[in-house]
Amino acid sequence: MDRLALDVAHLFAGGLVLVSFLLLYQDRMTGLVNTFAMHAVVVSLSVAWQAYIQEAPHLYITAAIALVVKAFVIPLALHRIIVRLGIHKTIEPVVGIGLTMLAGIGLVALSIMVMLPITAQAGTLAREDLAFALSVILLGLLMMVTRRNAVSQVIGFMSIENGLILAATGAKGMPLVVEISVAFSILVALIVIGIFLFRIRERFETVDIHLLHEHRGEQP
Amino acid sequence: MAVEGPLWCIAVLLGAGVAAVPAARHRAAAAAVYGVCLGTTLLALAFAASALLAPDRYAAGLSLPLGLPWLGAHFRVDALSAFFLAVVNLGAAAASLYAIGYGRHEDSPGRVLPFYPAFLAGMNLVVLADDAFTFLFAWEFMSLSSWALVMAHHRRSGNAAAGYIYLLMASLGTLALLFAFGLLAGASGGYAFEEMRQAKPPAAVGGVVLVLALIGAGSKAGLVPLHVWLPLAHPAAPSHVSALMSGVMTKVAVYGFVRIVLDLLGPPEWWWGALVPLLGGVTAVMGVLYALMQHDLKRLLAYHTVENIGIIFIGLGLALAFQANGLQASAALALTAALFHVFNHSVFKSLLFFGSGAVLNATGERDMERLGGLIHRMPLTAFAFLVGCAAISALPPFNGFVSEWLTFQAILLSPALPQWLLKFLVPAIGALLALSAALAAACFVKAFGVTFLGRPRSAVTAQAAETDRWSLAAMLAFAALCLIAGIVPGQFLDALAPATQALVGAHLPLQEERAWLTIVPVAESRSSYSGMVLFTVIVLAAGATTWAIHRFASNATRRSAPWDCGFPDPSPLTQYTAGSFSQPIRRVFGTVVFRAREEVHMPPPGAAEAARLQVRLHDVPWDVLYVPVAGAVAFVADRFNKVQFMTIRAYLTLVFGALVVLLAVLATWQ
Amino acid sequence: MSDAAALAVAGILGVPALAAALLALLPDDRTAARLNALAALATLACALVLLAHRPPPGPFLIVDDLNVVFIVLGTFVGFTTSVFSASYIAHELEIGRLTPAYLRFYHAMYQTLMFAMNLALLSNNIGLMWVAVELATLTTVLMVGIYRTPAALEAAWKYFILGSVGIALALFGTILVYLAARASVGEGLDAMAWSVLVERAHGFDPALLNLAFVFLLLGYGTKVGLVPLHAWLPDAHAEGPTPISAVLSGLLLNVALFAVLRFKTIMSANPGALAPGPLMVSLGLLSVVFASFMLYRRQDIKRLFAYSSIEHMGIITFAFGMGGPLANFAGLLHMTLHSLTKSAIFYCVGHIAQVKGTQQMSGIRGLTVTHPLLGWGLVLGVVAIAGLPPMGIFMTEFLIITSSFAREPVLAVVLGLSILVALGALFLRLNTLAFGDPQGSAEPSKASFAPLFAHLVLVLAAGIWLPPALVAWFQHVARLLN
Amino acid sequence: MAIALDIGVQLVQVALVLALAPLLTGFVRKTKAHLLRRQGPPLVQPYRDLLRLLRKEAVLADSASWLFSAAPYLIFAATWVAAALVPTFAAGLVFSHAADMIAIVALLGSARFMLALAGMDVGTSFGGIGSSREMMIASLAEPAMLMVVFTLSLLAGSTQLSSIATSMQSPEIGLRVSLALALVGLVMVAIAENARIPVDNPATHLELTMVHEAMILEYSGRHLAMIEAASYLKLLLYVSVIACVFFPWGIAVSGQGLAAYLAGLAVYVLKLAAGGFLLAVFETAIAKMRVFRVPDFLGASLMLGFLAALLLFVTQAG
């Protein structure tokens, strides 16, 4: 039972990393959003699995939230935004895809290196899970940094959140996981609303592209 | 009844400062505040005098539960601090007396009255402090209050900048002293001076401490090249404050140096005795040359303070050199010379600033090119100022000469020093000292001659009236003191004996029992000087001659127009001006020291416009040291400033980068 | 007596919460401002009770020596700020920069912020604290953007994004700490409770702790405003309403720092973990150097003092990183005095900006001539913040520099010089702000000077005499931090 | 008895310098005239000048202040006292402990200070020229003089002229390079200080090159007499200093009885004559230099003095 359980858990975690790479690879808006939906599905699956093997029913709630909010609601909203802003064409990453991929691989290696010295007594599945979660987080950050487009950056942020949830649920018996995930979903929702409100076409930098250099209180 | 007395005085001063904040509007406030200051400082002066006469009675220290919690504020009066306490409060009392009259003309009393007593309190605190924290606290507090006073007339052009540079330099000095004390205290963190005396730092540390002390105390005293703020800040303040800053605060800085280097630091290295006098000599000559080039009266005086600080540091440095070679007696002579010059300079420099303040009040002019002939309009001020000029030019029988004479005697003892460098250096320093003394005479012939003699160069000057009696009282009192300290120096030198005894373990032979009030630094056969005899003989000779001539030869006098080789010009503008007076000396030294350039614009024959002569002087230390530093700060600020105008993604990249770097560090760490 | 203490704790959390709800409903602005101040006062009263009695640590809330310092300080500044805010907001209404609707929102948010910060300070559970800090961030984001000007919105947005990333990192760190604890403490709430974590820390897996601390330092360090995570701070200070700038500099930064300190204690309780000192020292020093040079090119007065806040947070972090009873004591004292001084400066600056109608320093000149109280208040504040006697910060900087000079001379020299550089920048500005020929309107300001001078007097007193009780207490806390 | 004799000797000395000073100046003038194949004024002419001036009324410019009329007496007194302190025919005088050589230099400095101020008092352009140039010259001459003093006092281990004179007589001094340097430096200073050719021309007016004469341009009557007397005294002083330091032979030491004193007196007169003659020869031999060449001249003397002192500092161990 345990071996299998752990392998399945690994499967999901590794799958999440894989999907993160897919996210990095995607350069079409619609494709990006869909891939993110997949990301969310994988997360909710892994959370559900954790709930099952840890006999922790409350984690099902987290899984449900992840599924409903991030696999359906937000992607739909994002689709509408994209349409409204009329940017469902290709988007250009700042650095080339290949380079991004390379950096991503480096990050995964880094996260594994960092996790290596952790003694196994921290929990059998913790170490690898943590390595995966950390890679997901770093990849998400990489995405936020390399992409110009507000929506893709939000997606990057949300993938970070998925990584966090992965880690949180992987940490066996951690209290408040549900509350925290709820709080975080609110955060994400607010960001999305913000984008929606401020009509952020391009760029995360500013609520209005014209204000980019004027309104810093100071002139450069 | 040891140190409490002065501390109570300080408390009263602080109280007066606080009380002055609301009361400043009131008409009588100025008189009240300055009156209180006068009384308090006189009291403190009495304490200091009695401490000088009986040092042991005052040795007991006192610790108050203030400042650093586990350290407390330590206060103590030993021979050295007693002497400086006397100097401080003497100057402060005179300035307060002067200000009772002078302060009436202050147009913004609210910016002066609260800070003046605070300034006095600060200077007293520095001298009394017996631990590093209290010392630095008082030191910086003194700077801050005097900064406020410099900013009193902030709307006059240049004053704000002067205050800014002043505060910056003061803080730099405080930082240097902070590090010096950090080194002295060591890792154990013993900040009480007593512990520092016990701890014997290694030689290398000692050298660093010396340099730091030179930076810290030197920046406040005006040691070249740290002098740049001084000629800007001192004149900017109201004149009685200028007198205090130039006459007294610089001496507090000297106190800091003596306290750290001669008292706390332990036995000196011989090279200290080479570095310090060299700095002193350069400072002396540079200072007096700067002063000669000025035509703003107060700025001239301020620059001249730099010269005297140089002379004092020559004495201190020689003391270090002798001390390092175990020549206690010679060290005592050099130190006595320096300390006595500290006292003298505080007296006549304050006197001169009082005079310049009186002139400023009477004419509203600081520019000597617009003054002249004031000896007719304000005779008493002129007389006092003249005495001050003679004293500061080191002319017998006044006090300035005695201290410089002692310094020369100390220099003449230096062949006893074994080190070759010193053998070469000391005569050169002697030459520098002699040069600066002679130039000082020229400088003050110019100052007095252009300001008070000749014919008035402007209408206001022609209408000037003698100043009020308070100011006159202060000035005449100090003029008298200049003479007294000049003709009976023995008593003053004996008062310094305990201090030198404590610092270098020896003191001058006591002078009281000498005949003819002669002072003998080393031995009768070697050198001796009796201002009393000289003074009486000269007075007798002059009196006798005058009497004889008026009695037996003619005493008829006739007034007429000046002859002036037959073609006198009625316009006072044909007189020699300050600029033209210093022109020969500028030609001799200026081109080297100031990179002076003279440009003559001579109109072609027949052209109507006037010919113009333009003189450009450079302050070399400023160009070489300060401008580059300011440039560097501006450069870095500009580069950093770009970070203010980046995009959010760039900021995120920063965060991301920081995270990755830290993780990498972590990965490599394990 | 513990029931009184429990009551007090309930008050500290409950009063702001209730007040927030009430203020959200109340329409009228005059009473709102008063109620706001009143609630803050009540909270302060409850906080003072804690000085006398402590409740036993519960699973979620705890009161120990460390956070009592922060709570009392926080509630006090919160109260004075609410008083200042009353007069400030009244003026904003007059000139119509804020509508009553926004005003209601403002006051509700103010109390919510108070609640969030108190919760973060009181929480005995790292997860709960994380939630509280996030709540505080969100509220401040909303308040920074309250003026709805493009600049304000952008500042809020920048703050929001960077803050969220910081939050995410902090959360990951928190999870890691839980994992580290779980092995030896066992699952469940205990593995997230301070009281347990600190005493059991020696048994944790050091590698996991190190990793956690990196994330926590960066996550909460973003809130502290450490360079290079500081980017949100200057704009958030400059564009929001001044009371919020005061609260940000005076309280929120402290709360974030408090979180870092909590984790630092866990780190240093574990023998195997790498010493947190070097990380904090380097980040702190970097912040000091950077901020002190940034001061020179500022044109907006509030941004100027925001950067000065970064500088001082750097100094404090440096001190705590240096560690040792002396440096820790100095750090605590410096933090207290800084939040008092800086909030006082912001009170002053707020009124100045209102009187002159601009935040651009080019438009503000000769204040001591036109507005003596404001002008001299600013001079005093700058003197204090620049670390000159007789104000208290001189003492703390003396302690920090000398104590570190004995151990790390080079770092101490760098620190001292950059403090000097900062002083140069501040007084360069002060010269034109407070002195020289006045410029701009000279009409008297209807300011409330009580909070301003109350703070300054406290700072002055601290510079001259520290009550022994306070000293003993701080020293005890300083020892706790090692 | 001995003290009485000493005081007597001192008083004689005081009177002597005053009596001999004009004679020396007269002698120099006479010799110069002879060298120029002129008849020249009689030796006693300076006395006559003084008397005539004393009898005349003094004319004061309208803008002159009390300082203008007080200065001459002070200048005269200071110079007189300074001259009276130099051992001329006898060393170990009573007053010699009142002032050493540095003090004498400073006394002359005081006199110069007053003179320069007096020059500026009336407020004419010539007076200003004179004062400023005088101070410029002094600012170089005085340090040079002090350097010479250093040299001597290092040799003699004292700054007292009496003890210097006595120790110079002792054989162990011998001939030294630094002594020669010091002598040359002192002579140059003496020439500058006494406003002699080539630095200044004592016998000129209405020249833009004049220094000393320009300062005293406004003086007349008894005031002028005082100043002239002072300048005579100054010349005498310098000659006697050179004499008693570098050619100390024949100076009587106190307590040596009357005969020694008389002998010393005779020797002293001879020395004065020699000095005056040499000065006259020198002055006729060379031409006046431009004012702005003077700094070079004095700088050279300063360097010489400095070199002399330095040599001693180095050679003298301990």
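Descriptive notes on the structure:
A, B, C and D are the chain letters, set down in written order, and residue numbers restart from 1 in every chain.
The working rule: a contact is a pair of C-beta atoms (placed from the backbone, for glycine too) under 8 Å apart; a residue touches a chain by one contact, two chains touch by 3 or more.
In this text the structure is predicted, and so the values were computed from the model without any measurement.
The greatest centre-to-centre gap from chain B, using C-alpha centroids, is found for A.
Two chains share more touching C-beta pairs than any other pair, namely B-D.
Note: centroid distance chain B to chain D, computed from Cα atoms, is 35 Å.
Rounded to a whole number, the gap between the C-alpha centres of chain A and chain B is 70 angstrom.
Centroids of chain A and chain D (each the mean of its C-alpha atoms) stand 100 Å apart.
Our note on geometry: chain A versus chain C, Cα centroid distance of 31 Å, whole angstroms. Chain D has no residue in contact with two or more other chains.
Those residues of chain C in touch with two or more other chains are numbered 157, 161, 165, 207, 211, 297.
Each of the following residues of chain A touches two or more other chains: 114, 117, 141, 144, 204, 206, 216, 218. In summary, the structure contains touching chain pairs A-B, A-C, B-C, B-D.
Within the complex formed with chain D, the residues of chain B that make contact are 372-373, 375-376, 379, 386, 390, 393-396, 401, 405, 408-409, 411-412, 414-416, 418, 420, 423-424, 426-428, 430-431, 434-435, 437-439, 441-442, 445-446, 448-450, 453-455, 516, 518, 524-530, 533-534, 537-539, 541-542, 545-546, 549, 553-565, 568-569, 572, 574-576, 580-585, 587-588. Partner chain A is touched in their complex by these residues of chain C: 125, 127-128, 130-131, 134, 138, 149-151, 153-154, 157, 160-161, 164-165, 167-168, 171-172, 175-176, 178-180, 182-183, 187-189, 191-192, 205, 207-208, 211, 235, 238-239, 297-300, 303, 359. Looking at the complex, you find that chain A touches chain C at residues 114-115, 117-119, 121-123, 126, 130, 133-134, 137, 141, 144, 157, 160-161, 163-164, 167-168, 171-176, 179-180, 183-184, 187, 190-191, 194, 198, 204, 206-208, 211, 215-219. Taken together, the chain C residues at the contact with chain B in this complex read 157-158, 161-162, 165-166, 169, 207, 210-211, 214-215, 217-218, 222, 228-229, 231-232, 234, 274, 279, 290, 293-294, 296-297, 326, 366, 368-369, 372, 383, 388-390, 394-395, 398-399, 401-403, 405-407, 412-413, 416-417, 419-421, 423-424, 427-428, 431-432, 435-437, 464-466, 468, 471. The part of chain B that touches chain A in the complex is made up of residues 641-642, 644-645, 647-649, 652-653, 655-656, 659-660, 663-664, 666-667, 670.
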